[in-house]
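You will see two complexes here that share chain A, one where it goes with chain B and one where it goes with chain C.
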Partner chain A sequence: MTVFDWEFAIDHIPEVLKGVPITLLIAVVSIVIGSFVGLFMALIRVYRVPVLNQMTLVFISFIRGTPLLVQLYVFFYGIPALVEAQEWQVNPDKISPLWYAFIVYSMNAAAYTAEIFRASLNSIAAGQLEACHSVGMTTWQGLRRVVFPQMMIMALPNMGNIFVNLIKSTSLAFAVKVVEIMAIAKMLANQGYNFLEMYLVAAVVYWVICLLLEVIFHYTEKRLSIFKRAVTV
Partner chain B sequence: MGSQQWGILFAQIMERLPITIAMLIAALILGLILGTIIAIIQIKRIPFLHQCMTLFISFSRCTPLLVQLFLVYFGVPQLLSAFGIYINDLTPFIFAVVTFALHISAYLAEVIRSAYLAVGEAQLEACYSIGMTYTQALRRVILPQAFVLALPNLGNTIIDLFKDTSLAFTIGVVDIMGQARLIIGNNYGLGMFKVYIIISLIYWGVCIIIEIIIHQIEQRFKKGRVNVAKT
Partner chain C sequence: MIKLSGIYKKFQQHEVLKGIDLEVKKGDVLTIIGPSGSGKTTFLRCINFLEKPDEGTIEIGSTLKVNAIKPSKKDILALRQKTAMVFQNYNLFQNKTVLENIMEGLTVVQKKSKQEAREVAERLLHKIGLEEKRDAYPSSLSGGQQQRVGIARALALNPEVILFDEPTSALDPEMVGEVLQLMKQIAAEGITMIVVTHEIDFAHEVSNHVVFMDGGHIVEEGTPEEVIVHPQKERTQQFLKRLRKNPEYII
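Then we have the complex of A and B:
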């Protein structure tokens, strides 16, 4: 037996690549939902909305203080239990595993983006919103037209990190029986005991995705930094 | 019955907390040693090694830990067996610690490097000007400051590592997560929700404790630090 079966590895690359769309789908859906929820939570934290502020704090602490894998399991077994207890007209076995992944990964993205948005919001001078009020904008208009665009530019580098982390953490989706890159690699590896080959292929696939994303983010950042300079001047 | 059962489950899982903590500390110590070496290579830009380490850091940070864990656990024995070395007898615990240490060393190297660079070249020059050697300057001036600067990032890395230890069950380490899986297996899959709630509370609790400890250390070391603006 050869140490490393190159042929086997190269032959099975296309099969592993079939998992890429699922991985990207989970990451994109959760970053989009997570950003909206995260922005909402950041505003709650910044404005210190009485009860909601404490709830958000606990939520963020929980998400950041427990492993994603445990969260996946909690919801994977918790939601069917809830559905059964409520006697809704849904068969929990029929829920696609993707939904569990979307819910858990979105919550994760929300908790992490909330902190980033909060930091960015805090770094924008309060005078900006006052200036908006003085020219007759409502608070919402001021936020939407003046504050949010600046916040987005400031948050972008961190958002890039979060997205890359999300991509990496989708490898845990096997816990809720989603078949993505890692699950496919695992199945192929178990068939012929070609562990080294298949996991290396999986690693390279993740690596390439990650490097591509880094390039994209770098490029976007560079483009958007034009606006940044305009603001400071 | 209800509350009693929760208590028993909690105690059963807590039994394995030392394994998780041992994994965390062992990987952290190994990772710190490796990370420091990598950081030195990166700062000094030692020719060939520098490129190798850049590649290593990129790989470590850009691939999921689970893939790395499987590569080390399944791949390395396969690789070594070709050379006539059999390491299948080693416990999964060792594989887990090695993987975590390698993974975290890449992150720690960046933390150490950025902290070192943040102290600034001027301080080193000031040390030279009063006749200190490089080692003296490092020990007396640079490292104490770099350590304080690195603390927040170090804390985050430790917490991330603690959460990542939950992956070790995939290669058969019976830590708290592995114990939870065993309990579920013994109960024929009943009460899974309960077990996972308990285990998430344990992780949460320990994370908060780690956070408090790091915060305390930070407060202690902040005392000696004088802000530039205050002088």
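Then we have the complex of A and C:
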């Protein structure tokens, strides 16, 4: 027996790839929900809305200061306990593990994007919104048409990082029984103790996904920031 | 007709405006001059509620009267829709092209069709002589060009009054001329203007009503002849003398 069974590794790549959709699903759902919640929290922070501002601060600090794995377990055991305590008409055993992943990863995405959006909002000159007001727009119109588009582009490089981190951290979701790339790799490895092979396959799969995403983000950023490029004629 | 009465404004403990009354007639070109910190910019920003005055009333035309103590959101919006502003730092919408900057208020606020807004914007671009920049973004324009677009954006709204907040202060000296020239041109067209400026010559030549402010009060007001050429108050004389000071040394 060789140290590294190439044949085994290569033969099982298609199996592992079956986990890609789930991994992407968790990451995409979380970044979408997380961005909306994050934007909302960023606005709360920027406008220093009383009470909500403090609550947001605690939330962000909690999410950033606790390990993802711990958060997953807290919800995995916490939600069924809550369902039982409240005597809701739901069978906790029937809740798809994906829901726990969606909740926890969305919360994480929200906490991290909130800080990025806040920094981006702060770096947009106050004059932009004043100019909107001066032509008679409401604050909401000004935010939507002028401030948010500029904020998105400023936040894009960091959003790319968050998304890549999110993809990588979905590998923890198998702790709450979500069958994604890592879970499949591990299960296949278990059959014949081919751990090294399968973990390497998983690593390569993650790497390729992240590489593709980085390229996509790079081009989106380039395309969207045309207004920043000073064209000297 | 614009009438402002009893405008007070405090920033924390610091009283910036201590009761300003002012009336501007249709077609007036009013310039506000005065030393830094005299409250002239704050006063201008109170007119469209970019700064909320603590007390006072603002009247524009015969229909709109806003009390600063409890203004409704609707009133503030109405006030802003009847006025337009040209900023010291231009404040063009960075994510929109020159043409879109001018069209924005027309389509979003005045609900004009894109077609109609584009026609207005193109006519104004011709007027400010920047047709070739219609699809450029503000970051690629010079300061003088940006400010001319800022003026076009204000003109497009066809407001009752255009407020100018030191429109030439941030410009390179060689670009001041083109902006003042444009302002002179629109003043001649009978557009009501309130201009906060340090350009005494502009105030003298173009405006028909000059206000000298200091320490949150209006010290003196009248025609340019009265305020700039023959000021009565000592404070005004002092200020103007310093501005016109002959060089102490000749090299």
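Points to keep in mind about this one:
Rule of thumb we're sticking to: the second predicted complex is superposed on the first by the 229 of 233 C-alpha atoms of A that agree within 3 Å, B and C clash if a C-alpha of one lies under 4 Å from a C-alpha of the other, contacts with A are read in each partner's own complex, and residues count from 1 in each chain.
Note that in this section a contact is a pair of C-beta atoms (placed from the backbone, for glycine too) under 8 Å apart; a residue touches a chain by one contact, two chains touch by 3 or more.
Fair warning: this is a prediction, and the values are worked out from it, not measured in the lab.
When both complexes are superposed on chain A, chain B and chain C fit side by side without a clash.
When the shared chain is aligned, no partner comes close enough to touch A:86: not chain B, not chain C. Between chain B and chain C, it is B that contacts the larger number of residues in chain A. When the shared chain is aligned, chain B comes close enough to touch A:68, but chain C does not. Using the contact criterion defined above for the overlaid structures, shared-chain residue A:189 touches chain B, although it does not reach chain C. In the superposition on chain A, A:172 contacts chain B only, with no contact to chain C. When the two structures are aligned on the shared chain, A:130 is found in touch with chain C, with no touch to chain B. Of the two partner chains placed by superposition, only chain B is touched by A:202; chain C is not.
Superposition on the common chain places the nearest Cα atoms of chain B and chain C 20 Å from each other. Within the complex formed with chain C, the residues of chain A that make contact are 125, 127-128, 130-138, 141, 145-146, 149-150, 153, 226-233. Remark: chain C residues 48-50, 77, 80-81, 83-85, 87, 89, 91-96, 104-105, 108-110, 136-140, 153-154, 157, 163 touch chain A in the complex. On chain A, the positions that touch chain B within their shared complex are 1-4, 61-62, 64-71, 73-74, 77-78, 81, 164, 168-172, 182, 185-186, 189, 193, 195-196, 199-200, 202-203, 206-207, 210-211. Chain B contributes residues 58-59, 61-68, 70-71, 74-75, 78-79, 82, 159, 163-164, 166-167, 177, 192-193, 196-197, 199-200, 203-204, 207-208, 211 to its touches with chain A in the complex.
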